[in-house]
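In what comes next, subunit A is part of two complexes: it sits with subunit B in the first one and with subunit C in the second one.
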Partner chain A sequence: MKKRGIKIDKQKKGVITIFTLLSVVFIIMCFYSSSFRSFYNITNLLVQCVPLACVAIGQTFVIVSGGIDLSVGSTISICTAIASKLLNTDSVFEAFIGSMLILIMGIFIGLINGVGINFLNVPPLITTLCSSTILSGLALYILPIAGGRINKDFARFIFRKWTIISMPLIILLIIFLIMRTILYKTSIGTGFYAIGKNRQIAKSMGVNVRRTGIIAYVIAGFCAAITGLLLACRMRVGDPTCGVPFTMDSITASVIGGTSMSGGVGLLSGTIAGAFLIGMLSNVMNNLAVNQFYQYVLKGGLLIVAMIVYSISGQIERKRNERSN
Partner chain B sequence: MSSDCLKMIGISKRFPGVQALDDVDFTLKRGEIHALVGENGAGKSTLMNILGGNVKADAGYMELNGKILDISCPIESLNKGIGFVHQESNLLENLTVLENIFLAREETKLGILNHQTMRDKIVEFQSIYGYQIDPDRYVSSLSIVEKQSVEIIRALICDPQILILDEPTAALDSNETERLFSILSQLQNKGVAIIYISHRIEEIFKISQRITVLKDGKVVGVRKTNCVDKDEIISMMVGRVLEDIYPNRKNHLIGKPVLSLRNVSIHKHIHEVSFDLHEGEILGLGGLEGHGQRELLRAIFGDIAFSGGSLFGCGNSYDKVGMRKRIHSGIGYVTHDRRGDGLFLNETVQKNIAIASLHLRNRLGFIDTNQEKKKVLEKIEQMSIKITDINQSITDLSGGNQQKVMLARWLLINPYVLLIDEPTKGVDVGARMSVYQIIDQLTKEGIGILLFTSDMMELIGLSDRILVFYEGKISGELKRGEATEEKIMRAASGIRE
Partner chain C sequence: MNENVMREVIDMINKRIPLKLTLLIFATICMVLIQYILVPGSVTLGQFMIVSRQASALGIIALGQAIVILVGGIDLSVGSIVMTTNLFCIASMRGSNDYLLYGLGLCFLIAVLVGFFNSVGILYLGIAPFVMTLCTMTILQGICYVYTQGAPTGSAAPMIRSLGTGYFCKIPYSTIIWVVLAFVSIIILKLTTLGRKIYAVGGNSRAAELSGINSKAIITFAYIFSAILSMIAGVILSGYLNISSLTVGGDYVNNSLAAVLIGGNAISGGKGGIIGVVFGAFLMTYLLAILTMLGIGEVGKLIVQGIVIFTVVALQGIRQKS
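This part shows the complex of A and B:
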């Protein structure tokens, strides 16, 4: 059989481990809690995970190409805030046009981040932290408190369910397939890995490092805008602070999924698994009535544990390579 | 018989502080192997980097097949048929062999990568030239030899007219070298012109048809290989007389051993090396760059680990002692990369001088600033470092004064051994003399100095004894008086006497 892609082989093991972990937690919880294994909860859980999975895909592009995007949370917030104004209409068509405008805005935010980082040489951390602060301020200016309204029919269409399959899952699947094609099957995708590992060498081998770097942020902005739309449609209102936890969670999902914070390594399937693991753990903790505060502690701890595990396994692999040479 | 396919005319390039190339002409004929030789820093790599699109020339022009060649980036050079195999591995370890070979010029169908076509091309290419590397392996899992093969495949896969090889055999054993030569002659028969940079004179005589010798950024001469002998090439490369800028050390007394190395190895760099450094001695580590000397200095300092052997200083073993303790015991290291890992560029002169010896002025966790100022001023006076104020920014100082600041820093720890890597890099002649005088003065106080410099003249001028390194081993030991540039060059090129 022909090999489909190349990246698929590499960290397959890591991704399988995460999926196994995911299923183990799932099965244990099914035995443990009757409310967890209810059909309603499981379909709900799947839908709940979609927004995080979506923004985490974008974050993975940025981290793979050697950067970090701290502005995705605020991008989500401002998108819901604007959605509550633009989609506050009775015509589904207008709502559709409004949502397209929001996606374009997400792309524009990514473009600004990317240009700042790649042309003005401001470090990613600073650029995206600043744009994050600006965007959250703008979001609060547009919509001081949660409110507004989203077109009912549009929102219902976006969250349509057919037993276990639902519209958000289909949207996630489409985005995953598109992004997967970009990352593994185009030359720009290889470019992300190249500039993430070593910008200098990538440049000397002829990669257009600036353009590639900018596209990664554009993708992150686009994915964040989709997440913003999904959240707005779920809540049916806008909320100028709802995106806050997504910055940290998207980074955690990527890292759990095997993306290296130092760039050049990462898979989208791992990120999706990471996002579902985080989503499921919050669902489980809500189910077990764990206080919200402990959930924060656990999420932070999860990121640290994941980083430690990958750092150790990376060291072992390096030693093995050195020995075999 | 064959015409010039490449002409580089009047190429000049200036880097801060150095004229790397000065009006260099270089021509290449179709189907020839043209060797480019010269000492470190002679300008070979700069010249090739201009051709390869990594560096832009200040003056001069290039012609390829009679047409003006204008190259602004590496991929352009590759697309115009110039393949470049770099000296150091220039591959991305997180990508596969296939991705590295085709990076930035992938085969695509409607924007989607066509892995099968690329894989077929590589397999076909490998079967012609006898390589066997799985295109889907990750570069991080390849050996050095395999990595180099990947670089060669990358350079050759789109049928270049010109192939540049920068020290291609540095990491190869004799079998691999033979195979490379047979590939080169195959290419030569196909009409590919090859520029071959190497320090191994014997190889050059084996495969090249012409030799261009560069020295200090200028062309010394172009010779047909069969009309010239090795000694002539070496004297063209070196050909200088010792000037009187070095201290007179003929009557200098050398004491007992202070630092002893016994069978030390460093993974991939040094193999089982033993020697002693004596009190008041300047021991020069000679040879070409990249043969383990720099790593040896860093390992003695404790920055990288020895993979075997032992290090003794004044009778004590240093095997389980880290860098901090080594500094406290009196080992100082003056780095070659002053701006990179030497100076704190955003700090003052005082802070830069004081930083290594803070432990000596520690009073219950607080620094005795009065004493610090006194000590720093003392050293500044002693070494006549030109400053306007002790709190002046270090970046305002000239290269020579910065170098003195680095020396002053390590003298404040009261060293008994000083490791100096390139004592006068980017330092003008006047300041060089005073750096040499300082070094001479230090040895009179009994400090042992281990010196590495790629400047041959400096090595001979300063050292009481020279150990020449070749591929991580000592290939020659020369005393003051018997060391000549020719002898060192021979030992450094691996030519056995």
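This part shows the complex of A and C:
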């Protein structure tokens, strides 16, 4: 137990870096642009970042356990497509039942991914790539073009605002607290870090490797389904291709937040900060009227800068350890 | 031929073909039979040549991807290199042979730079290959969008156009280039020390370094090789399409990964060969061609493609275990 505490303390340094970066950008922009610091923009910004933050939490679970999930984008797409059919009712109760069904479907997709990876021994990359292809095909089958309708009252309820606090933020907070408990306080959570670091050793230490691996993908599928619901409620229609950018963005958010692609390292708070940084950056660029095409260049640049910062701080850490030894 | 070469060839026939290629050859025969039964009279050599021309761009990219995966990396930037090459090739040639060398030189330079950039990030900044090449991909996309402002123009030089669409003795030029490059890759991997070093670095880079291999140089070579092959594929595609498009590279990242893994190469590196990858790329294109012939739409294609790739890789996993 004591050892786990130390490990998280080390990781926290990375999270502090990312939060510092986030607040520096935020404060500079607040001074610089009056439209950025406007109440309306900041509330909007917070709501805009929630879907990415939500899916990135799921992605973090998978990356921490040593895998990768390329199917989250298609899961989001198919969830909005199904939502536009299931939530196309007049009664809020039916819409609620429909959204529960969508969450169950997200879990089911994660389960299929997990079983393919852990029982059929297909590499995570290829399993999730295949399920991504199949799901995007199914999404196009369900809804060939963007359309459908989401129950108005349900969508309003999901996007309700009380001054700066809004319903999506509360949803994100609840998910964060639940996932935090799972990752840090339970034995399954420790299992994620263990199988991410070294599967063989984790197995010999008594971790149920297959079950833990499957749960990681189930969580990713669940988070993606929630993101799909949020997007559907925001757009109030379904869109069979709206999830595409979320796959890479969710990986970027986790990695910027200090998650290591080789597995076993990563914190949820870092991921959320990474997601907000990406969201804020595109907001900032719109605010400064930067050509939107530059956003691609800047997103890549931000990722490289974050990686360089982590690699330098890692090297300093290592040198300090060598010196003390 | 010296004795070593003979032994290599015999080893290849003995080991590689029974273990890894039976499934692929079986799958190809099955698909030919399916095509023969469902669309009678369509199985001709000419049709195979057309499929192979369509497969050539993917096939060439997959060769580079295979070498990168062999050294234990992954290259997500291949698609955007294809896009960048397509863009600069078309824009700089302005439909005339006079600018041919200038255009090709520019593309080559870009490819080498991108490959070098990837390897510097991975080796000297310690960034994970997946993340580093993802960055490169995003940045290249951004450069393409900024350069064209979203509206690319121009047309390819006539020589490039004939490269993409022309035939030599009923075999498309692009297929010939693909086969030649595949042979070059096989020779590099099987018959040179560089190839041995590639396998060694992919198997265990620390052990390779300790036994005197400059693993950084090998990894740099792999990424530059992959970038150059993607550039060649981009040039061939430019000739075939004769326009530049901002969506041309989209599918190649996923499809090249799928082709490499269908070919029986391990994603963790150090295991696999080139013949399987060539088969993998051909099979994927052939599958799409059959589905098109059967009149199956985009939806069916995506679903069948996903299921087939998964099944092939899963079956290989079961075979390797037993």
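Assume the second predicted complex is superposed on the first by the 308 of 325 C-alpha atoms of A that agree within 3 Å, B and C clash if a C-alpha of one lies under 4 Å from a C-alpha of the other, contacts with A are read in each partner's own complex, and residues count from 1 in each chain.
Convention: a residue touches a chain if its C-beta (ideal position, glycine included) is under 8 Å from a C-beta of that chain, and two chains touch if they have at least 3 such contacts.
Nothing here was measured: the structure is a model prediction, and the numbers come from that model.
Chemist: Sticking to the clash and touch definitions up top, decide whether subunit B and subunit C on subunit A clash or fit.
Modeler: clash
Chemist: So which one touches more of the residues on subunit A, subunit B or subunit C?
Modeler: C
Chemist: In the superposed arrangement, does A:311 touch subunit B (first), subunit C (second), both or neither?
Modeler: In the superposition, A:311 contacts subunit C only.
Chemist: Regarding the shared-chain residue A:197, is it in contact with subunit B (first), subunit C (second), both, or neither?
Modeler: A:197 sits against subunit B, while subunit C stays out of touch.
Chemist: For A:125 in the superposed arrangement: first (subunit B), second (subunit C), both or neither?
Modeler: In the superposition, A:125 touches subunit C alone.
Chemist: Between subunit B (first) and subunit C (second), which, if any, makes contact with A:170: first, second, both or neither?
Modeler: neither
Chemist: With the two complexes superposed on chain A, say which partner A:205 touches: subunit B (first), subunit C (second), both, or neither.
Modeler: In the superposition, A:205 contacts subunit B only.
Chemist: Is A:187 touching the first partner subunit B, the second partner subunit C, both, or neither of them?
Modeler: It touches subunit B, and subunit C stays clear.
Chemist: So, does A:16 touch the first partner subunit B, the second partner subunit C, both, or neither?
Modeler: In the superposition, A:16 contacts neither subunit B nor subunit C.
Chemist: One more residue to check, A:27. First (subunit B), second (subunit C), both or neither?
Modeler: A:27: touches no partner chain.
Chemist: Taking the superposition as given, does A:100 touch the first partner, subunit B, the second, subunit C, both, or neither?
Modeler: A:100 contacts neither subunit B nor subunit C.
Chemist: Which listed stretch of subunit B (223-231, 331-339 or 385-393) steric-clashes with subunit C in the superposition?
Modeler: 385-393
Chemist: Touching residues of subunit B toward subunit A in the complex: what are they?
Modeler: Residues 54, 73-75, 78, 90-96, 98-100, 103-106, 108, 111-113, 115-116, 136, 138, 140-144 of subunit B touch subunit A in their complex.
Chemist: List the residues on subunit A that touch subunit B in their complex, please.
Modeler: Result: residues 2-3, 5-6, 9-10, 181, 185-187, 189-191, 193-194, 196-198, 201-208, 264-265, 321, 324-325 of subunit A touch subunit B.
Chemist: Along subunit A, where are the residues that touch subunit C in the complex?
Modeler: By the definition above, subunit A touches subunit C via 68, 116, 120-123, 125-127, 129-134, 136-138, 140-141, 248, 251-252, 255, 260-262, 291, 293-301, 303-304, 307-308, 311, 314-315.
Chemist: List the residues on subunit C that touch subunit A in their complex, please.
Modeler: The touching residues are 74, 121, 125-128, 130-132, 134-139, 141-143, 145-146, 149-150, 254, 257-258, 261, 267, 298-303, 305-307, 309-310, 313-314, 317-318, 321.
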